[in-house]
Structure formats: C-alpha cells, structure tokens
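As written, the chain order gives the labels A, B, C and D, with residue 1 at the start of each chain.
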Amino acid sequence: MRAYTGDGDVNEETTAAIARIREEVCVLHAELVRYGLVAWTAGNVSGRVPGTDLFVIKPSGISYDDLTPESIVVCDADGVLVDGDLSPSSDTDAHAYVYRHMPDVGGVVHTHSTYATAWAARGESIPCVLTAMGDEFGGEIPVGPFALIGDDSIGRGIVKTLSGHNSPAVLMQNHGVFTIGKDARAAVKAAVMCEDVARTVHIARQLGEPIPIPQDDVARLYDRYQNVYGQR
Amino acid sequence: MRAYTGDGDVNEETTAAIARIREEVCVLHAELVRYGLVAWTAGNVSGRVPGTDLFVIKPSGISYDDLTPESIVVCDADGVLVDGDLSPSSDTDAHAYVYRHMPDVGGVVHTHSTYATAWAARGESIPCVLTAMGDEFGGEIPVGPFALIGDDSIGRGIVKTLSGHNSPAVLMQNHGVFTIGKDARAAVKAAVMCEDVARTVHIARQLGEPIPIPQDDVARLYDRYQNVYGQR
Amino acid sequence: MRAYTGDGDVNEETTAAIARIREEVCVLHAELVRYGLVAWTAGNVSGRVPGTDLFVIKPSGISYDDLTPESIVVCDADGVLVDGDLSPSSDTDAHAYVYRHMPDVGGVVHTHSTYATAWAARGESIPCVLTAMGDEFGGEIPVGPFALIGDDSIGRGIVKTLSGHNSPAVLMQNHGVFTIGKDARAAVKAAVMCEDVARTVHIARQLGEPIPIPQDDVARLYDRYQNVYGQR
Amino acid sequence: MRAYTGDGDVNEETTAAIARIREEVCVLHAELVRYGLVAWTAGNVSGRVPGTDLFVIKPSGISYDDLTPESIVVCDADGVLVDGDLSPSSDTDAHAYVYRHMPDVGGVVHTHSTYATAWAARGESIPCVLTAMGDEFGGEIPVGPFALIGDDSIGRGIVKTLSGHNSPAVLMQNHGVFTIGKDARAAVKAAVMCEDVARTVHIARQLGEPIPIPQDDVARLYDRYQNVYGQR
C-alpha cells in the first residue's frame, strides 16, 4: 500500500482516525446493498477524516462483496489519491467538491436508487406529503442540474442546490441521488430515507393526488425530529 | 438498568411477565424487517404486560439489528419510562393512549409501510375487494385524521377511527399505519396483512376497477375467519 | 399422532409414501416464501399420496418457519383428517375436490400472490403476450368464479375452469390463485411462473398494449416446452 | 461424464480452461438469482472457452440451487453437447449462433427479467434518459424481432440487432433479454444493468415524460465509462 504523502501532519491520531473511518465506510456500503439502493458496483459512500482535509471513499468498479477496510481509498481535499492500492470512485471529484465547500458535512453518499432516480429523470422534486419527509427532509427533496462527470459540474450542482435547504438529499437530473450528513452514517440514512419516500410518494401519486401538508406543520415536524428523536 | 418504580405491585409474577413480553416484542420487530415494512429505524411494536398497566416498546432511533430484549423499554399507562436504559420510541404517547382507551388491546404496531402509507397520503381508505381483506379486516381499512406528533392527537385519531370498526388497522393521513391486536403478535400480523392487501388492491386499481364483494359476503368471510381459521 | 384409520390398505409401502410426500410438501412451502408468494400463513401446498386416495396438506394458520414434515397433515378423499396432530388448512375442501375430480392431478397450490391476485380482483384473465406464457400455460391464464369458502364452490370453480384448458393456473375472482400439476413440485412451479408472468404482463400494460402472440405460435411454444424442455 | 470428443486439440490447457470457465459460469448464475432476474429455472449464462470454438452453458431445466461446475455442459460451435451428463439449455442454439457470428463476444446471458421483458412485450426500445444508460449502453436498448425457439431465428435476431450498436443488450419482442460481453461476467453485468435501467425508466415514465439526454452527451458518457471507469 502506498504510504500517505500529503502535506498535513500524519501523526498517530490521524492514522487511527483513517483506520476507523475506513472500517465505518466499508461497513456502510453493505447498507446500500441491504436496502436495494445499488446494482452491481454503482453507488458509493465517503467519509471525512475528522480533523483533516482528507476523506475516504469506495474504489472504482469494485464489487460490494469484495470491499474491505483496506480497499477503501484515502483522498485529499482535491480528490487526489493519497493512500490505497486502487483507483478512487469515478464520483470522487463530486465528493471532494462537497467537502471543500460544505465544512459541516462529514459524509456523502451517491446512488442511482430506483424511485429517486425516476423523479430525477423527469427533473421533478419530491413534494413533502408524508410526515416522515417533514421529519427527515424538512420539506421537498429538490432537483439539481444536469451535469456531466469529468469536472466540477456535479459538485457545484450539489452544493448550489443543497445550500440553505433543509434537505440532505438532492436529485441530480437524469442521474441519481447525492446525500450529505454530519457523518457517513447520517448520509447513508438520508439515502435510505430518500428512496423510501421517493417510492411511497410515487405510488401515492399513481392513483391520485396526495394531500399536501401545511408548511408550518412541516416546520414543526422537522424541528421536533431534529431535536427530540433518538437517544440523547 | 433503572429499577421499576411504579405504584403497582411488582411481584415476581410481573417481573417474569415483563421479561417474557420484552423477549416477544424484540423478536417481533424482526418480522417488520422480514416483510419489508420498515426502513432504517422507523416503525415500532409494543405489547401490554398482562395483568398490569404497563407496556413494553422499542427504544427511539435504535437499529433493528441492535435490539435485544434488555433494550426494549417498559412504560406506564401514561407512556412514562419506568424501566430501561434508553428513551422510548417517539410514538410512545400514541401507543399509551390506545392501551388506556382500548382495554382489550394487548399489542400495537406502527409502520410507514409503502403501499399502506401511499393510500394514507391520499387520505383514501382501502376498499374490501379481496377475500383476504374480508377475512382479516372485515371490510375496508379506514383512514384516520392528520395529526401531529407531540400530544394525544395521534392516539385519539387511532382510537376514534378503530372504535366500533372490524379493522385492526388504521391509515393515519399523510403518516402511516397503526394496527392493534389481542397481543403484539396479532398486531404484527395485522400490519403485515395490511401492507399485503394495500399493495394488491393498489396494483389491481392501476389497470381498472376491482370488482366489489357484496357486504353480506364480507360479513360471512369475517365471521368464519375469526372463528374457524387456525388451530383451536 | 393419531393413527391412520381409513378404509384403504395402509401397508408399509403407503406409510413410506406418506413420509416421502410429507417431506416433499414441507420443503416446497419454502419455495412459496422464497418467491414472495405468501404473507404470514396465507398459502398452501398439497400433494397426492401415490397409489391411494389420500393427500397431504399444510396445517391451518401455522407459520412457514414452524412447518416440519410431521406437522403436515394427511387427509382422505373428502378432505377429512386421517393423520396428524393439527387441523388441516381451511382450503382443504378445495384441494380435496380437485383431487376427486381430476385424477391426473398430483399436486395443488393456493396463494394470494400479489400480481396474480390483482388480476383476479378485476376478474380479468392474463393474456398470452410472453413466450414464457406460451411455454408454461399454453395460452391465457383464465379467471374462475367468485366463490365463498365453506362448501364445494371453490373446488367446483377450479375444476370447471381448468378442465379442457392448457393452463395449470386459475385466478379465482377476488381471491387468489390455484395451480395444479402432475405432482406438488409441478404445481409450485406453476404458482411461481403464474406470479412471474402476472407481474410482467401487468407492468407491460401500464405503459401501453403488449403485442399479441399469434395463437398458432402459442401452440408451437406450448408443444415444444411440454415435450422438449428439461432433462429426459 | 462423457469425454470430450470434438475435433479440436483437447490438450491440458483446454481442459484447464474448461474447468475454469465452468466454475465461473456456475458462480455467475447465482448473480441472476441475487438480482432477481430469474424465476425457477428460466435464464442462463454461457461463456466461451478461450482459444477454442467451445462454450459452456447451463443444463436445461435444472434448479439454480443444484448447479455445480460439473453440471455445466460443454458445447461446440454448433451448440452440440460435447461434454457433460445433462442436456444443454433449450436456448443453446441462440448462444451458439452469437458465438459463431460475433467473434469478440466471450459471454452471453439470457433472462426474462421483469421490467426489460415488459418493454419487450410492447416491442419498445428503452430510451436513454439516465446517465447510467449512457455509461453502460451508449444509447437506447434496442428491440429485436419476434422469433420462435427451434431454429436460428433467435440467434439471427440478436446478432442483427446488436451488430454496430453500442448496447450489449437486446430486448427480444414478447420474449426477454439477451446480453453479450467480452466474457461471461461482463454479459451478466449488462443483464443486471439492463433490468435496473428498464425498471427506473419505466417508473419515471409512469408519472410523465423523462427528460432526454442530448446525443453528444450520451457519447461523452459512453466514451468515458468504457475507458476510465474501474481499475486499470
């Protein structure tokens, strides 16, 4: 394995943090498989290494069955490989752009999950008609621009769409979903919930119009869920 | 673990009953996962402790993988935690309201299962067009009101809708499903069957109108199933 | 276990045949679960005991997880329990009627599988627009009458609909599917393929009209598949 | 097992290559099951034996559970069995035709996967409205002719439709999918991705029209994916 050769201090603490986040990100990919969000090798999770400009991400084109913590690669803030034997995900530039421009983001997930991508193919945002959407997304799930892979276009589209928005998920037109979170686990949760509500609202709309939830009720749901749900 | 400090007699019998129902409710959560009724941590099962005003319920925001009988919490009739290390489900108030107002109910289940929630998002009850619906629900599955979490609104909506109704399931508008049963297992069965018929009737309606079942035939199916099906 | 008390010769050969068919029918129920054809306890497989008027069938209301060869019950030609500790399936009368009136049938399966039951809820037969339907069903999958449980109505509807028809599957209106086969395994295969084509044709029709297959091509497909497919 | 009796040199190298490809093709069938592309025994994978005119393929009508490397049969360029105890897949003639006429093809897969087959039943190609389709298929997924099993019709339809086309997948009208690849694994990947995009585009179209992707952007996506994605 190539040694880390970045400019930052790579002390023992960072080495340990990298090992921990590689393990976590490796395990979280199994959640994408479990919830049926990915086919073959299409989809990836990344996680920021706390206290550094580094992040770890899935290697490109590797089967989920074959992922190990060691196979997860480490990149710097520009998405350049700094540790690992494999090439990073072809979506690494988009992840890197998000980490550079959204300092509170600690995890990013990308999938082509079926129902969310179907909304993205039509370029339609998902309206907030479920209390679970109010809880997790605080309103609609927005659509980002059509953008080709290969430069900063996708990253810019994600950051521009999500900045100032409650939703941790964006539907990139004709493409798929990107989600963000305070850490990789939160971003995976957002990806799971995004597909879940994308599917439920799609199915609801197949036979008529869902009833809207008043905006102030959405705000109450979001506020409560972000502050009360789960363990303290 | 905090000791039980309620006013009731907590004799050995109650202690044993609590242990049994914690085990049962823990195991039943796996059925929600197996039947695909829940995503991430959204959904919960509770069960009344026989001979007491207590019930046990899932802790809030805990992964189904991590549930153990010991992690299931015990609440009193007002939904206040009386035993357990974790905060109870954010839906505990709704469960508690049902137990207080429906003395024959021994189990309550809540899910956002996809097809049932899609009907709920449109505020439409599911018409009884399947013999399996006649068997289990004795007619349509009704819709309850839109209600915000945080007070008794959800509980009141459940009890008002289900009182005097054959159906053990109610579709809470824009929210999801609550089911009741003589015990936790029966409520889980109702949640599984509710999603099953919600899906089948949805799919039937996608390509035309299902044929109604005459009401007296529904009554015959319901009566027979409640009295003849299964083992004596 | 109650001893067999029928009038027939219950020699060692029959005892061995009963044990074999109980084992086979027990294992085949797992295929219903694997292919997602059943929810909770709704669905059943039966198999004729070769050389006798007996058949074996699932006990009523028992979880698929809990089925063992010993728990499978033995019934006579009238559907009366002749061996076993549990009550037979509530659909036993329908299975018995089929065995009495279709001597070549060695296995019967009943499910409420989602897509097939959706066609049944609208009372629509499934048109033969897939070569796989030509192969297995030799034409459309027909609809049988609405019939209540409790007498011979369901059995009569199955036999009347399937007699002289290529299809081993019938969609009982508002109810579900019954399939037949030379043995229990063939009937399970028909139930799996029935749901598979019911789903594919449903999805095809959601976005337009499938192209019909000319009737003489259907006949060629059916003939070839029944005589050439598989191992000699 | 019958010994290989073809005219070619069957030296140790070929024997070893046959053993390897039998193992690979056996394992790849499990991917068809994992991704839900097949029901019962309908679907098959074949792989060319490098350096020979031979290919290996699934035996006819055998359960996926029962496949072993030894059960996979070896056929010559005309699809005639040259090694193995079982009859080859009833689709062997179509596979053989492809190998004879497309020398770069090293693997062929056939399924009746649900959504792709639904498009095939209507005789509609799948429009390229997802970046993932641009990546893998380089444009639309085309429809091939209606063709009966029993002669070269299916093989000719596959080769004619795919020749000069970017797509490694063809929807055979009223029938199902055939995919090709440089090896069996690539053909299985194409079958998995074909169903994935068939499903997503179907669902997108249920509620409106997907936004087209400009043809030159499709070309850029295809070029990049074929040359940059994955490990070097």
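Observations on the model:
To be clear about the criterion, a contact is a pair of C-beta atoms (placed from the backbone, for glycine too) under 8 Å apart; a residue touches a chain by one contact, two chains touch by 3 or more.
Composition by chain, UniProt nomenclature: A, B, C, D = L-ribulose-5-phosphate 4-epimerase.
Since the structure is predicted, the reported quantities are computational estimates derived from the model, not experimental observations.
Counting the residue numbers that touch the partner chain, chain C and chain D have less than half of them in common. Distances between chain centres, each the mean of the C-alpha atoms, put C farthest from chain A.
Rounded to whole angstrom, the centroid-to-centroid distance between chain B and chain D, based on C-alpha atoms, equals 46 Å. Averaging Cα coordinates per chain places chain B and chain C 32 Å apart.
Residue positions of chain A touching 2 or more other chains: 206. Touching chain pairs in this entry, ordered by label, are A-B, A-D, B-C, C-D. Residue ranges on chain D touching chain C, taken from their complex, read 39-42, 59-62, 86-87, 90, 112, 114-115, 117-119, 121-124, 146, 148-150, 173-176, 202, 205-206.
For chain A in complex with chain B, the touching residues are 35, 129-132, 189, 192-193, 196, 199-201, 203-204, 206-211, 213, 217, 220-221, 224, 228-232.
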